[in-house]
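Okay, so chain A shows up in both of these, paired with chain B first and chain C after.
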Partner chain A sequence: MNAPFRRKEDNRLVRGRGRFVDDEGGRALHVRLVRSPYAHARIRSVDVSAAEASEGVICTLTGAEVATLTNRFMQIAPPPADQVIDYCMAPDRVRFQGEPVAAVVATSVALAVDAAEKVRVDYEPLPVVVDAVESLRNETLLHEQVGTNESWGSLFEWGEVDKAFADADTVVTIDRLKFHRFSSTPLETYGGVVTWEASGRIDMLCNLIQPGVAMKFMAPALSVSPEQLRVRTQDIGGGFGIKQNLYPYLMIAALCSRKAGHRPIKWIEDRREHLQGSAHGNERTFLDIKVALKADGEITAVSATHIDDCGAYPRYEPLGGVIWSQVAPASYRLRNLRINFRQAMTNKCPVGPNRGFSRMQNVWFLERVVDICAHEMGIAPDVMRQRNYIPEMPWTTPNGCVYDSGDYAAMLAMAKEMIGWDDWIAKRDAMRAEGRLVGIGIGTALDSGTNNFGQSTIVNPKSGLSGNSEAANVRVGVDGSLTVIVGSVPQGQSHETVAAQIVAKELGVPEDIVRVASGFDSERATHTSHSGTYASQFAVTSVGAIHGAVEKVRAELLTVAAMLLQKQRSELRTGVFGGVAGVGTADGGSHVSFADISNLINTKTAGLPAELEDITLNCRYVYRAPFQLPDPVRKYGNLTLTYAAQVHVGVIEIDPLTHNIHVLDYAAVDDCGRVMNHTIVKGQVIGAAAHGFGAALMENLRYDANGNLLTATFSDYCPITMLNMPNIRYGNRESPSPFTYNGAKGMGEGGGGPIFALSSALQDALAASGARLNQSHYSPSDLHAVMTGAPARGVAQVSATRQRPI
Partner chain B sequence: MYPSRFDYVKAASFAEASAALLQGGDGAKVLAGGQTLIPMMKLRLLRPELIVDLGGIDDARDIVVDDDVIEIGALARHADIGNEFRAQNLCPIISDCALGIADAQVRNMGTIGGSLAEADPCSCWPALLVALDAAVLIEGPGGTRALRVRDLLRDAYTPDLAAGELITRIAVERAALDGIGAFVAFKRAAPAYPTASVALQINYDGDRIAALRLGFGCLGLTPLAFDAASDMACGKTVTPALIADIAAAASAFVEPIDDAKGSETYKRSLAAGLVTRAFNVVEARRTGAPAGETHQYYG
Partner chain C sequence: MSSRRAVRERLLGRRINTMAETMKIPVSITLNGSIVRADVEPRMLLVEFIREVAGQTGTHIGCDTSYCGACTVLVNGRPAKSCTLLAVQADGWSVNTVESLESGDTLNVLQQCFADKHALQCGFCTPGFLMAATGLLEQNPDPDDKAIRKGLGGNVCRCTGYLPIIEAVRSAAVVIKERRS
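Up next is the complex of A and B:
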């Protein structure tokens, strides 16, 4: 099962023979967007006359037209933020830099770009708010009709928090922690080739990653049936969650197509547009943190205010307002929690469900709490974790989530052994004695997968979405080959390899007769409303669906073969007989090929016996994750099916000459249940780690006070490259999930392990100075400021009060 | 990411290019490796109406090393220069500088002449060439002239070139390259300009310093040459105390500005740090000890 199969898709992808959106649409018209240079401004007028007169221009589209042609997007939030008015293009007011205000359609991209420069927009700048905490003071409102900048807020309280504080031996307070804004950097930017056909069908060839949900936003806004939308994908060059926010742009392209006489329209986002106007990850500030502890370091309660920043329009938010609670206590047995969660709108790019979506922020918060408390209590960070890790599985968290399997203490022990923990402690101390700044840190990351959309009812009881599902279809071709279609939307996750592997293994046939027709097609391929590739669920939902479809096909093959071979079904099995895939008896004495069976059903149908009339050899199965609706009042219920985990241990040194954070040694141990393909799992672990290193060390989407994005090109944003990556020792443990048919768990988000481990190691390196670092990202210059006692940013105020003599 | 419309001519000689430039007036620009010009055009931060491509000038890519002087054609590419000096095991400070620029794609296209003409205070060649007090040959409507790089680069992004003037060659006195040197830089990532860079060439007399050349990139509005360091160092052996003194003086000497790559105070500290690293690499090279990496990236 877990041999390192070669990836089926690599040959075409590595040789540049994939088919991406930008490879299509040869005869399409091209659209260029005019975007706002202001973060917040009223649009006085938009003059497209010069653009329309420009060479090659077919038509233009303005926000004002959009407001008459479409409905505003539905909002997930309950009142009052359900009143947010969000169109695919700004009609009369822009709320973030890069928000589209007009579109120009021309016969080539270059002509469209030339003409777009001739669109004259008269803006009246408005006051800007870029800080979420400040935004909640409501001095500058983004959406007046909402009456507040809060998109959603609620108190989450579980257990007996007051009692735990009263009984605590020590109470630690931390004034502020800050998780910064960054994003993923897919090689391929957003794109689509969209045709609003004269028939009414809207064909969207694109790189959306969660098409089912996007269609729920687009169809009502366009006043069409979701069935009229044909959303298709092919190869996708990375998605990482943020491609979910592509749908407003697809709508612009659709409207342009109709206006251009139903001609196909191609839109490929450029890199600057991507950095400015696609989707960013959630930024979160944690305030007024109070932690109750026992003398031995056991954390008994945590209370805090979390202020999330969703940017100018909520879009997929405020779902992040509840998604974090999938991992409310992180990897700890903590039972009493009081979190006042508030989400603010600001004049910045809207956020999207970026890899590790919302859980990563919460786990970072608790990892920081654990490390800071450990230092305050004088307990080693590994010991502190061992005392607080969840001791047994399955484990029901205070909010009713069920962690399925895993042994975090054993993972930590493994990671410690891999880097030689004791030796490193000795080396660290020796290096410190020479004046070097060395730190060792731990990060325990959770990658909760297959989420229960019922949690949306905690945000809004009227949410029409619950559970989770995926569909797959397996059919037997007339040549005996097998074709698999699944509703997933691979973006580099090797679904073709794994799908083929599952089918081949289940039927006992060679992998090379299994063809996986990957890519989504809402009209012609199979899917459900939850279909897509996001939130670490392929290994459970898609594999579950493929498995179900294979079982149906197997049953049909056996039925036909039993009749042809005059045997009982129980005497027969699928496999390879005489070198050919087929059905036969255990001794192989009697057999018939898949090809012959398929021809009987599909080709030579005259005289087909009545008993076989329901047989199709083309079987669809819908996997539905076993979820109930949570209790929205208590905010209680099982929100995800599987919990993959990673423990990262890193040793860093702060270079005294450059303040570079240099990684001296690093181990990442992953447990995602039963591993279906080690090559792929390891690739995901290393790739997710690269994201984490990038976030901690390099990538930071910074805005100035006027809402100008200061990192709108690669030379400023500077995403991580190979040369910035340390060597990673990779380890794996397998704790099969009891909740999935083969014990596998979703994985791939990584959960931000290096952000936690590096924060922890930095704190350790600077422990002697007494500084308690409070940010998830430090540039060398930031560290220099902390170390030279310059501005207070970057350091938390921490106090520890012993309430009881020991 | 599409440039605005422009006309294009390919010149066969500097004289032809110069004439085309003059004729094109303000809207004309020459194109060498295109590694600065093309990105600026794609972002439409530059909108030249005429591009005069130097790529057809065949005799301007040569690298000539003789006893007195090293001459490099303006169109020699970073990769070619770096590989040539590395292969000949000559003047490591030059190969450090060339092969530390950006990534392979940029090095395979970008030219030394383009780097100087761009006059970006963060570029690497300018920092090296002001430290070595190199000269450039310039050809233009008024004929040819020689100019010290220090005089060419008196302002950020505006080289001292008259209309129609082109850089044709770069000349470095061999004497400036006597001894052992290193070019070190601290960068966020390879395909990013340095946060700061330091060029250090030391000529030894026994184990005493006979001459020392020190230059900085990204630490002012122009590349900076710190000639006073030579006076501090001459006649002394390299000791931690001497390194600390020069590093501290360098930190006070540089003129960094606050920007996204760091605060002014941080960059002063970095200047001292990189001077120290440059000394360490040079000393290691002198003694045959393993020398650390000259270019360090985040992480």
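Up next is the complex of A and C:
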């Protein structure tokens, strides 16, 4: 790309002329939710009379009403957790702090807030369980009718685990590792303007990012057909997966609208509501870890119990219970794995598929295993990785996933060179000699993209989901311009720019004649049930669909032009002729413009020849990823199409007084196959890295034992700012994917690289103390506890047993 | 109690008595050069005045504890978070929002540099950053990295990872300097 960088989106956004959901709904009524202050309580009564008598109030809605007006949400889990009762508002019992119990509709936000404070709810507090491991003891049940707090659990075993342990030279055990709870907290909160129209249609203008799946949850709960829901989006202020869980709130707004006489209802969540009640990332505890190693450091087997915490209601879970296995061995050639995966419900906010969803947790786990084993074996962490990285591509993992391309060793070498590895090792040692706490760490991240929904059958054979698809439509206008519509739901990922770039390049025309009408609209724009922007799939599914639609339009243009110009189709191509986009011969001697062709089809239609009857110049294409259903018994199959990768190397220093962690140097190398736009890819890498730094250094959704969220405002949660964001040396390698038409792979989730690299560097900084760190996040006080040897959870108990003399 | 009411109460320095608060007070604010007059409740925040009364929706709301800076505007030429001010406080003041930056159809230097350096993705934070950066460059026309980080440290961007924003502000400073000389 030599042309200056230009994004189609930016022209409106830098002027403050974006159209976000909070900018709409001028005539709407406003709803304020009453939310539970308790993490677990029975609702004895809800009294809305004072609220209803309050100025400006139109109506109220309680959880008890919701239970009569709607059905409980479907559950993805098989029995017994399919019995979880989840309504969009709690009818008789709350299970997390912030769960809505009543709604107040008024003519302004302020009046709705005033009235909501007059709603009297009588709660009877119940015992609270916030720890997933404890929850699985089932002493306090969240959902009695389920009989257990386990939403799903299963043993994943591939290869010959027992044999690998018997043959191992060394066995390392680690008692516990803990991946903490955080969220990418998009700057724009949840919101919607919803009208349940008298005709029965329910119009939802919102910032939902995976509409197809949300519609599957909402329609049966509302007893309507999915086609009765019109879900549409405009500009969205970031999503990162978290906005998948918006649908319960859209349902509340819909019910309020119907009750208010079909008037439009606007609901915009505030930040505290977002932090308490929207969605959090998955928190995971890894127990009883056993690693089989060869004397040279080759890891031959890993066994462990993974306990995932999905919060009070599973919602999109337990899909995370299988999605981690897209990257079961992470970036390693490890062939024998035994993972007892269990997911627990706790009295905390439900989780949603936060950027890096479920794979990041598993890759962090194996990165920690690799580092701890390297320390135990006395092998340098870079050497340890080189010995264990997948050696060739494509690579079939023990569970049948096919890694498409990439060279992790080469990426590590590149990152080391970028950062000046050898110099840093020398510097680190010199600084240590002065008593400074400096560490160097590596993180190898995977970003698997385009997920095979068939993997849901591993969780529940009756899931009814499979494959993956996306739709696009390309239309030739009467002025010769091209309009592209695609089912993706961008939230900052530059889809307008990239879509235009692809169409322009494929047809050989300038980008400025390509208009991309972005924004989802289930009624008026093209889409499939899988449409949306999640799981790193735009570069494959949307681009595949756009490519297909362009090919169809091209074929039609050539057909019409061949007739008009009296040429063979094979003699013609699209491009710019005489300064105008059109179709012509290679020498340009004979040509006709897109505009003339479009007018023949759309405007001057009298006497159109019969051969052109089927031409529309408005072509839809559905891309379907080439997937089969996996084998749910062996838990085997190709679960995702592409594997982008990143290698991060970071140098940190711990301030001995404040215990703050400072990043001294940092490099990130990305490989997402063929790059369609370097600036945009780099933007995604740096942006994802910021989430990783934030998570490792600052952001932690901390609950107390009573289930109170202690970080329920931005001032407590402290999302990373410019003051803490380190500089990054950025590098790129291109290993084209053999499985996509242009070699590109999905990317953008980043896979948590900085969390891995900083965990690794912290471990290195404290290596001399012998402490083996076991958390993905350390606050200064956590680190202080570790460094002063206070009994702390932040340290793993590790043992290495040599089974064979070397 | 809603945290937004807590902010209001902190600003007012007293508990809000709902009945009394429904009394409206006339204010007149010069917004982007035009006078906007309205009778508002004393509890109305300046950001709500800008968005709801004046209908200028470029200024955004991202939090309720004055952390994120999405609502940053210029108040009498100095950057301020418009969610930490009451509309009644701003009576008689001059307020400028992102909508004031362009002239005609042309983007100003900062807007252009943000676009050129890919300093925005979803664009939700951008108006706040642009106004904070406008204030910064007015105070310090030649800021180094550290000064930029400090000057914009009160603004959150969840998409870009900040580094392109730093680059955009630096390059805007260079362009502005070149134009002046």
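We adopt the following convention: the second predicted complex is superposed on the first by the 801 of 806 C-alpha atoms of A that agree within 3 Å, B and C clash if a C-alpha of one lies under 4 Å from a C-alpha of the other, contacts with A are read in each partner's own complex, and residues count from 1 in each chain.
We adopt the following convention: contacts are C-beta pairs under 8 Å (C-beta built on N, C-alpha and C of every residue); 3 or more make two chains touch, one makes a residue touch a chain.
Predicted model, so just to flag it, every value in this text is computed and none were measured.
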item	value
Three-chain arrangement built on chain A, chain B and chain C clash or fit	clash
Which superposed partner A:T107 touches (first chain B, second chain C, both, neither)	neither
Chain B versus chain C as contact partner of A:R6, first or second or both or neither	second
Which superposed partner A:T788 touches (first chain B, second chain C, both, neither)	first
Contacts of A:M725 with chain B and chain C, given as first, second, both or neither	both
First, second, both or neither for A:R272, with chain B first and chain C second	both
Which of chain B and chain C A:I661 touches, first, second, both or neither	first
Chain C versus chain B, contacts on chain A by residue	C
Contacts of A:N706 with chain B and chain C, given as first, second, both or neither	neither
First, second, both or neither for A:S715, with chain B first and chain C second	both
Touching partner for A:G492 - first (chain B), second (chain C), both, neither	second
Contacts on chain A seen with chain B and repeated with chain C across the two complexes	110, 113-114, 117, 270-272, 713-715, 718-719, 721, 723, 725
Chain A to chain B touching residues, read off their complex	109-110, 113-114, 117, 270-272, 655-663, 693, 697-698, 702, 710-711, 713-716, 718-721, 723-726, 779-781, 784-785, 788, 790
Residue ranges of chain A in contact with chain C within the complex	4-7, 9-18, 20, 22-23, 55, 110, 113-114, 116-117, 184-189, 235-238, 240, 270-272, 491-494, 679-680, 682-683, 686-691, 713-715, 718-719, 721-723, 725, 727-728
Chain A partner contacts - residues on chain B that touch it in the complex	1-2, 4-5, 43-44, 186, 188-193, 195, 260-263, 265-267, 269-270, 272-274, 276-277, 296-299
Residues of chain C defined as touching chain A within the complex	1-5, 18, 22, 41, 43-44, 51, 56-68, 70, 97-99, 101-102, 107, 111-112, 114-118, 120-127, 130, 148-150, 152-166
